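Several structures are given next for inspection.
Common to both upcoming complexes is chain A, partnered first by chain B, then by chain C.
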Partner chain A sequence: MNHLKEKLLSYFIAFEEQVEKKSFLHSHRLDSFAEFEKTGFPSKGDEAWKYSYPVLLKLLQNDYSIFPKELANHKLNDLKEYFLTAADSYKIVFVDGIYNPFLSHTSHQGHDICVLSSASVQNKYKDILNTYYNKLGAKQEDLIQLNTAYVRDGAYIHIPKNTVVDYPIEIINFSTGKQQNPLFIQPRNLIVVEENAQVEIIEKHHSIAPHEVLTNVVSEVFVAKGAQVNYYKLQNDLDTASLIDNTFIRQEEKSEVGVYTFSFGGNFIRNNLNFYQEGSRINSILKGVTLIEKEQHVDNYTLVHHQHPNCESHQDYKGVYFDRSTGVFNGKIKVEKEAQKTNAFQQNNNIIFTDTATINTKPQLEIFADDVKCSHGCTVGQIDKKALFYLQSRGISHKEAKAILTYAFTNNIIEELKNPFVKKKINEILAEKLGFNLQFSFH
Partner chain B sequence: MAYTEKELQKELENKEYEYGFYTDIESDTIEKGLNEEVIKEISKRKNEPKWMTDWRLKAYKNWKKMAYPKWPNVNYKEVDFQKISYYSAPKKKDKYKSLDEVDPELLDTFNKLGISIAEQKKLAGVAIDVVMDSVSVATTFKDTLAKKGIIFCSMSEAIEKHPELVKKYIGTVVSASDNFYAALNAAVFSDGSFCYIPKGVRCPMELSTYFRINQGGTGQFERTLVVADKGSYVSYLEGCTAPMRDENQLHAAVVELIALDDAEIKYSTVQNWFPGDKEGKGGVYNFVTKRGICHDNAKISWTQVETGSAVTWKYPSCILKGNNSIGEFYSIAVTNNYQQADTGTKMIHLGKNTRSTIISKGISAGYSQNSYRGLVKVNSRAENTRNFSQCDSLLMGNKCGAHTFPYIETKNSSAQIEHEATTSKIGEEQIFYCNQRGIDTEEAIALIVKGFSKEVLNKLPMEFAVEAQKLLEISLEGSVG
Partner chain C sequence: MLSIKDLHVEVEEKQILKGINLEIKPGEVHAIMGPNGSGKSTLSSVIAGDETYEVTNGEIIFDKEDLLELDTEERAHKGVFLSFQYPVEIPGITVTNFIKTALNSCQKAKGLPNIPAAEMLKMIREKSKLLEIDQKFLSRSLNESFSGGEKKRNEIFQMMMLNPKLAVLDETDSGLDIDALKIVAKGVNTFKNNTNAIVVITHYQRLLDYIVPDFVHVIHDGKIVKSGDKELAKELEEKGYDWIK
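Showing the complex of A and B:
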């Protein structure tokens, strides 16, 4: 770990040489770099990393290459299968952390859907960058500082007032496995949604070939008055890939944001999801399904910060654990004393299939206001034996019955999904994972 | 004028601590400070055998290596361990042979506390061990208990008379290096209660220890050890008070419970250390380690009513080692003014078919902070484990806080774990409903608080339920009728 920190520190100047130094990102880089130099990686005994520290430590032992080479002649047609739809979406594609214009479909018509590296050198975007970039990440933990210091590229999305974006936006990070060493990438997304605008975003990370990759992605999302955002995170990567996803969302009054996280694969996934409510009558929705096997490790770490009256938050995370997998859920709801009439709900249900799998869950409430309705519920259990017997007595095989009941367990989250492509994709993945054709549910 | 919640709050703030008097008894206090010599001195004064002195010194060495714990959700000035006197005892010439010889001032103190020892002697009911400034001053009903083979005495007496039992069990549940305060306690503990229930005996009465800090500038470090042999049953009560002082006094106790096969221990606490005045000045720091171990088919039940202390920090826990063992935790924590409480439980499921229930009720008023922190851990071999946890918080006013930190760690596929928590205030509709039926607001609040905490109060033994009710009255005066 120290080795990696040393390496990151000593390569910083070389890295700055390689990227655009005139860019807006430069000064933030310097500040965060100094901050990272001070704090370093999360340390042992860090409460936020209580259950995932050993995995993180192991990951940070790798000898990562910090500057991926640009791969010009990669066969890009192979990648089509990873897209949600061939045509009906905007696409921002990065290959080994570097923007790939051939695969992407960006737009500047009425809204800006493009990349951070180009936006940060153009004058017309300066105001927005000044107002928003690194505003939520600046005071955060060490890994965010590292991302800000080593940021190379990411999505830049700006949706102006009263605009409804016609297609969903896909942000896809590919890693090729063509780099020599394990790869450590730091993508950075900035998403600004102005008043009453609406947009759907889908974020994915994929390895094309098995090789070690650690992605430390930071997304800052600003949602203005009355705007609506649905953000889907599809995490179904190879067993060699690890992901640390840091998402910060600032909401203004009457806005509604839903973040749907689906963790189905990968060596290690950590989702830091933070909601800051800065206005009244806000609704925040955090939903997630985790279904993992082998030695996979998924850690969902959420925060909802209620600071104003009459807001709501709804959290519902389902987990299904096979083999030797480990699941962590840490959900924190903080209600400040001004935030009267808050309704905050949190639920975490888990099914554990083997004695070698582990679930650690810690739903947390911190409440300073008295006129609120806050509750959390959390369960760990099994598939109902009676229900299983009922299905089997009607001629459905044990395996199939188990699959049906597991699917049903996750269904109340999938049912709610508004985007038909995402819904279809999730159903496909679940069918494959459960080894059972769930054709009945596709309508 | 209708009685409003604001008025209630005001009343609560102004409510004085009833047990805040100081008794002027000559006492024997050793100089402030902590080092090996002090520990040897404590041990010498208590005529302890060498193994005990060595055990203390070892604990002290461990303690010196430990870091000051900062993780709880409480804020207070760090304790200066060199400014505390680690031993203070009411001065006495010889051991008391009967109650008549006890200093009348001392007896008076206990009368004021509402626990007349002399009276207790006449009325069969509860056997009491009284610990004042860390030293046990009187134990009642010894003879009656002795007939059944029950040993109930002070810890120092137990070390003297039953060294084999003490040696066998002390430090087996809470080891001398368990945590910062447990290690400190092991090094300097001055007395406490010891209780042994032989095989198959059902203890005929409630056993009780009453703790009181009297002397200023001292800390209280007592150690309680309860051993229930196979098939036995005991119900144990514990109560505590302290005088009002501007300084913060430290209370770092250790309680170890051992329930062997088929045994049952019921341990109830009514904690009412001085909570500090309404500006948050003074009060007792209550840093306690309580833990019990259950062997096959055994059951340990913790019930606590926490109303006192400036800072409370305790987690009565159960290690469910034996198959079919049961752990229970019922708690009401009331915080007012600037009190802070970080309390909860740990249920460690190791055996098969183990069950645990956690019911925790937090009531916060004034500027207080009330946290529930709990752990339910299921080992991979603990099949068919069942746990149910419920944490409810009631907030009065928006200057206080209620927090929950439940940790759940499961490694077994047959475990069934449920946790739920709610936070709410006394609903306007509820009060309106009562008003409608001719119950005034004050009584309505009383009714609601009572109903909120009933589940836990019901678990207290008769004798204590009355005292607990009274305490709730004091802490939330005006609200409980």
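Showing the complex of A and C:
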């Protein structure tokens, strides 16, 4: 048996001693723990982990610290650079998996933007938790069971009917490297958006020191009729950090959800992104840019499940690979028999800069309805030499011309972002990664 | 200003240019004419530094410097400009951002500071007005789904912004209607002065009614087979290229 699995099994009682047992989460912990005991980690030959298994296996060899005890002491000023905006956002901040109230800005005025550990011990949240918590997670694979068993905290967001949240919500997980061992954390976010409500969420994971961390985060998002959610994932961590992001989104009729994933840094990133459409006239948007270097590995594994008529989904992922970096895109679209007039679009375009970078891209379409529009396409190429010559002939250096063309390649996704803070941040990161100063007026 | 001696050029081991000689002085307009496949566009690409072509013999001296030793961008910094026959479409970069980046790259290469934003804006407004370019056009992606005429006008716009010493216009007239042709010619004639030089590469005489050349050269099978004044162009228009071969 895997050493880590053994450790997780034997520490469970001690872990439960430390966290609140009266919590609503307790029974789910027990069930999932039993489930994880049966299944364990993904194994070799698991189709869903085909291209990322070797990286995962290597990570699972570490001797992790699985529930850090102390609250690390950090001041807001030291961490300011990691926040999108100093004032104009709600912030739910965790340090080494533990909620940090001093760094956070939560709210209960007209909505609940707070934390799961606290919501799960209060009666007034019981109905919401009963209705939604682990409803999407329970049916899922091994790593989600592990998260449910070892969950300690995460964001609890409830936006009532017709509420437009005034500021974006930042969910930030810091890891400090204060533990001796590598850190393994299991954050859990529950996001419930009621009828016609609107909210923007930004999720980030940051190591503030180079120290090994593996984050296995689960987010369940429930979006009711006519509601709109824009969810941005900014993944630009140190090379010592690895992230497995599991996001499950259930949409009801006429709702619109966009998940925008930007993977720019980290040792290993796996994005399991799942959309379940449960109503008609739903729009699901999945877009992302991956731009990585060295030996970084990013795996985008998406599912869109069309179950009702007249719905849409739009997927567009761009990848840029330098050095020996590797990427995976696996996009599954499932259209059930009832889901007539589905319009499902999927695109994955990649640029590789070296002979040693690789990308595996795989569309997976399962269509059982006959009156649907489904299109998919993928490309893997290099920077266009003619375009390079054109730019250079105007006096732009080879290096800068390459950077501009790379930026231009990703631009259609960035241009579309509605949140100005996110757009600015992404542009800044790209300019820095590509190593030149864009003379651009971003708009 | 530009001196080309015995220039031989190959592409994929096929000889395209077989000994071109050409002398261009400041203030001159040269037209290079010739049938399709004679090597006209190859000559312009080689001057600009396109690495697809291999120079096997000869030299190109520009302002006393060996042009063949310079990278494409360095040639641009020295004042060489090529108006492309087929400008490349680049989605994601606006015309304005592109020209700003290009201009400031040239400034930087010369050790000069960036052009202040207000001045840049003024220049852009002036040049685009002269070429009857709509302001909306400037915030569109570079050449993306531009019409043939828009692409060529955009090339001339870039030329006017960059203000080169030597402008090579490769088939700038192709795909233009007469109105667009006149606008492009107006731009070129405004740009022209006695310190710069223009090379007009064209298949037809039509453009030369508006941009009047001092010299006309005919290329055939990789060599200049005949040179003359603007009357030569008219003769070619009447008789075609066959009599010259």
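Operating definition for what follows: the second predicted complex is superposed on the first by the 435 of 443 C-alpha atoms of A that agree within 3 Å, B and C clash if a C-alpha of one lies under 4 Å from a C-alpha of the other, contacts with A are read in each partner's own complex, and residues count from 1 in each chain.
In this text, contacts are C-beta pairs under 8 Å (C-beta built on N, C-alpha and C of every residue); 3 or more make two chains touch, one makes a residue touch a chain.
Being a predicted model, the structure only gives us computed values, none of them experimental.
Chemist: Looking at the combined model built on chain A, do chain B and chain C fit side by side or clash?
Modeler: In the superposition, chain B and chain C stay clear of each other.
Chemist: So, A:Asp384: does it touch chain B (first), chain C (second), both, or neither?
Modeler: Second partner only.
Chemist: Of the two partner chains, chain B (first) and chain C (second), which one does A:Thr39 touch, if any: first, second, both, or neither?
Modeler: After superposition on chain A, A:Thr39 lies in contact with neither partner.
Chemist: By the touch definition at the top of the document, which applies to A:Ile396: first (chain B), second (chain C), both, or neither?
Modeler: After superposing on A, A:Ile396 lies in contact with chain C but is clear of chain B.
Chemist: Have a look at where A:Ser118 lands relative to chain B and chain C in the superposition and call it first, second, both or neither.
Modeler: Once the two structures are laid over each other on A, A:Ser118 reaches no partner at all.
Chemist: Answer with first, second, both or neither: which of chain B and chain C does A:Ala408 touch in the superposed model?
Modeler: Only chain C is touched by A:Ala408; chain B is not.
Chemist: In the overlaid three-chain picture, find the nearest pair of C-alpha atoms across chain B and chain C and give that distance in Å.
Modeler: Superposed model gives a least chain B-chain C C-alpha distance of 15 Å.
Chemist: For chain A, give the residues common to its interface with chain B and its interface with chain C.
Modeler: Common interface on chain A, chain B vs chain C: nothing in common.
Chemist: Could you please specify the touching residues of chain B with respect to chain A in the complex?
Modeler: Those residues of chain B that touch chain A are 71, 378, 380-381, 393, 395-425.
Chemist: With touch defined as at the start, can you tell me which chain A residues reach chain C in the complex?
Modeler: 384-387, 389-398, 400-401, 404-405, 407-412, 415, 438-441
Chemist: Enumerate the contact residues on chain C facing chain A in the complex.
Modeler: Residues of chain C touching chain A: 48-52, 71-73, 75-77, 81-82, 84, 87-88, 90-93, 96-98, 100-106, 109, 114, 158, 162.
Chemist: Hey, which residues of chain A end up touching chain B in the complex?
Modeler: So the residues of chain A in touch with chain B come to 47, 51, 337, 340, 350, 352-382.
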